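In the two complexes that follow, subunit A is the common piece, with subunit B as its partner first and subunit C second.
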Partner chain A sequence: MKSLMIVNANNPKILLDAVLYGADGILFDLAESVPDTEKDAARLLLAEALNFLDYSSVEAVVRPNRPGEKDFELDLLAVGPAKPCNFIVPAATPEYVAQAAALLDRVESENNLPAGAIRLIPSIDSAAGVENVAAVIAASPRVNAVIFDAKNFLADLGAEASGGEQLVYARSKIAVACHVAGIASLDTPYAGKPDGLTADAEAAKALGFTGKVASDGKQVKIINSVFA
Partner chain B sequence: MKNVLGREFPEYIEGYGQVKPFIGAYNSYGDRTTVGAKRRSVKPARQTPPGEEKLCQSIEELFDRIGVKDGMTFGFHHHLRNGDHVLNLVMKAAAERGLKDLHVAATGIFGCHAPLVDYIKSGVITQISCSYISPGPVAKAITSGLLQKPAIFRSHGGRPRAIESGDMHIDVAFAASPTCDPYGNINGTHGKSACGVLSYIFPDTEYADYVVAVTDNLVAYPAPPPIQITQDKVDFILVVDSIGDPAGIASGTTRVTTDPIGLRIAESAAALLDEAGYIKDGMSLQTGAGGASLAVAAFVRERMLAGGVVGAFGAGGITSYFVQMLKEGLLRALFDVQCFDLDSVKSAGENPAHMLMSGSLYGNPHSRGAVVNNLDIMILGATEVDLDFNVNVVTGSDGVIMGASGGHNDCSAGSKIAIVVSNLLKGRLCMVRDRVTTVTSPGETIDVLVTDRGIAINPLRTDLLEKLKDSNLPITDIKSLKEFGENLTGKPEAVEFTDKIVAVVEYRDGTVIDVVRQPK
Partner chain C sequence: MKLVREATAGATEAGDIVITVLPGEAPGITVDLKGKSVVLKQFGNQMKSVIKKTAEDLGVESAIIKAQDNAALDYTIRARTRCAIERAI
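Moving on, here comes the complex of A and B:
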């Protein structure tokens, strides 16, 4: 997966059009994009969309709310039966990954889905997450990729986002751990000026990342070409 | 009666007249005779008494000298697009004079022409004919039946044809003149309101009883080159504070889309053109003004650069993208009927290879050969396409008027390949329909529909189907596209219409291809 494009799972038009941008994967976001008062509606809408629309040409990835929040479990139980390819584990720790895997065991057995079919993508968004990335990956055989979330990582570290040099260690550590585990590594979404995306994606690729999260459809083509 | 497309309307339409039904895109050729024109002869200066110069001191004086009266037809052109002041200024004076029952024969009507609605309501204006109309107050007023007579939509080639043949007689033509001298030589590319070529008003200047240059930049005789309309065509000159705001030229539909889906559609269209062998030395190209159509030109340009291709010409409404291709040597010439941005205005004034063409030269089917006949590639937009590839650009699926042919049916008929580019889903509807709400361009002239959900080729184009049979492009058939779209949107309920005909849509040859009825 070279490109994983974030879409708001609460927007019917975007759900319809998401497959048209040429992204290898679609990240259906139930967390940051969806206001608290619309969480229920969003997960029902997304489950309906995954059942009704044809996403077979892409990897359908769902970002639930953070583990530890009540919506996390509700998200997995509501959307899991619609059989997305992956769930992201936000703020991933080995415990959260194990917790997500247990919930999916339940979803799969209750819905007669093949065991282990739904995979997990831990999102590394803290200094501890970076240091423990190998343990996070090892916490469940469902893990088949890791996402690096630089914005939250830098916030946790108390560092300021600037040229990207301050991400070299974290990026390297994650890319190397993923490579050793034989899984994909997806770099953080780019939020700077449009003309800086290519350089940012090339920097991640140079450190070993296999793909990158696209924050919108305009980034997909560039990311695909950098990681081609 | 029904025309060959099965569109039904009366043989005689009140306020329009006897109807000649559409008989097919290529069945209305043959010899034609043009009408004569009234021409006022102007004596030499030494014989001209004071006060009888061409220059008028006020619009009232102008109206007096012409002898304007109820029921007249006034011709206007829209090169100042949404920045035009001339149409409003003339109609305001006409209303103040108490004139009634006027026919506004404008080439284009925009949002800036909203004041016309009041004149429609008060009976100052009882008929409008135009080649282009943007969605807005006047379009809504026409849709809701406020005009006493049906509006007439003609293509950019069809309007000059109607004037030359006598189907439509212009009593007074008002040429918005960015630069003009006191004897009526008009330059469109210079002056504070420069708008480029003045092509669409040419038939009016040839055939109208009176031709008025309305200018905000009166210069000493002779006006600087390039002079587009010469003094022998012009009766009177009216100086006003402002003929328009050039910032309104590049309004609306004339920028390349930045929407990634629109760009992917454009990329597919360019790939199809390449695979079908149309991107080659000597090629010619025109695109509509819609963002996705323009984007096709950008991708074609990339392919021309990559392949070292030199094209013959770009045509139609000209944008900075075509100007750039001319400068880069990718095109040898431009045929321009309308400058869509200020870069093209500048180029039209400076570069001899950037050539003006009149509306008649552009698209008139009853001439000795229009430029559209030499066109290879035409990229178009559409509000709807049906299973027979008929295209609607006049009404939305709710029956409300939101456009008119412009050059659509001229270019689709003339070009070697006419491609419609569009999102398959528009709003909450699938744009492929069983039957389009209003036919503007007949399906026999439309070759390909490129959408974000797949490409459909007109089955009449067996050569294209054969050429692209091994293509990796997502080629399907139009019925599958419609089913796919309707599966997502549901099948829309039919819009209901009253019997009242609010607009007559003429094909470029003057036959009636469809009518617009008032939605209930």
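Moving on, here comes the complex of A and C:
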């Protein structure tokens, strides 16, 4: 998967149009894109969309709310039966990955889905997450990729975003750990000026990343080109 | 399943639908659907059927359901109807 495009999971028109941008994967966001008062509506809409619309040409990835919040379990139990390809594990730790895997064991068992069919993508968004990335990957055989979230990683460090160089260590550690584990590594979404995306994606690729998260449809073509 | 309060789900954006459910005063489910007349002429009965069936499948026996359509497809109609009902119990 070269490109993984973020979409708001509570917007029916965006859900309908998401496959038109050429992304290899669609990241259906139930977390940051959805206000607290609409969490229930978003997971119901996404579950219906995954059953009704044709996403067979893309990898359907769901970002639930953070483990430890009440919506995390509700998200997995509501959307899991619609059998997305992957769930992201936000703020991933080995314990949170194991917790997500146990919930999916239950979802698959209760809905007659093949055991282990739904995979997990830990999101590394803290200093501890970077240091423990190999343990996070090893926490479940469901893990088949890792996402790097630079915005929250820098916030955890207490550092202001100042350019790609400050991310070299974290990116390298994640890319190397994923390579050793034989899984995909997806770089953080780019949030700078549009003309900087190509250089940012090339920097991630040079460190070993296999793809990148796209903030919107306009970024997909560039990301696909860099990681081709 | 008994509704105990009025509740709404959905949005007025394109592709969405606003569903408002109220406890019924008599047995049965009544659906009041509004939207573009050209859409309602062709798909109105189908949309009402989706709303009513979603409510029945959830075990609702008495309700007044008001819907304002903005060109929603079936999956959105089902999701918003279910959400409004779950918020009303």
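The criterion applied here is as follows: the second predicted complex is superposed on the first by the 228 of 228 C-alpha atoms of A that agree within 3 Å, B and C clash if a C-alpha of one lies under 4 Å from a C-alpha of the other, contacts with A are read in each partner's own complex, and residues count from 1 in each chain.
The rule we apply is simple: a contact is a pair of C-beta atoms (placed from the backbone, for glycine too) under 8 Å apart; a residue touches a chain by one contact, two chains touch by 3 or more.
Here the structure is a predicted model, which means the values were calculated and not measured.
In the superposition on chain A, contact is made by A:Asn51 with subunit C only, not with subunit B.
Of the two partner chains placed by superposition, only subunit C is touched by A:Ala41; subunit B is not.
Put subunit B and subunit C next to each other and count what each touches on subunit A; the higher total goes to C. In the superposition on chain A, A:Lys221 makes contact with subunit B only, not with subunit C.
Shared-chain residue A:Leu16: touches subunit B and subunit C both. Once the two complexes are overlaid on chain A, the subunit A residues touched by subunit B in the first and by subunit C in the second are 16, 53. Across the interface of their complex, subunit B is touched by residues 16-17, 20-22, 53, 217-218, 220-221 of subunit A. Interface residues of subunit A, counted against subunit C in their complex, comprise 11-13, 16, 40-41, 44-45, 47-49, 51-53.
Of all the residues in subunit B, the ones that touch subunit A in their complex are 258-261, 264, 425, 452-453, 488.
Subunit C meets subunit A in the complex at residues 9-10, 13-16, 72-76, 78-80, 82-83, 86-87.
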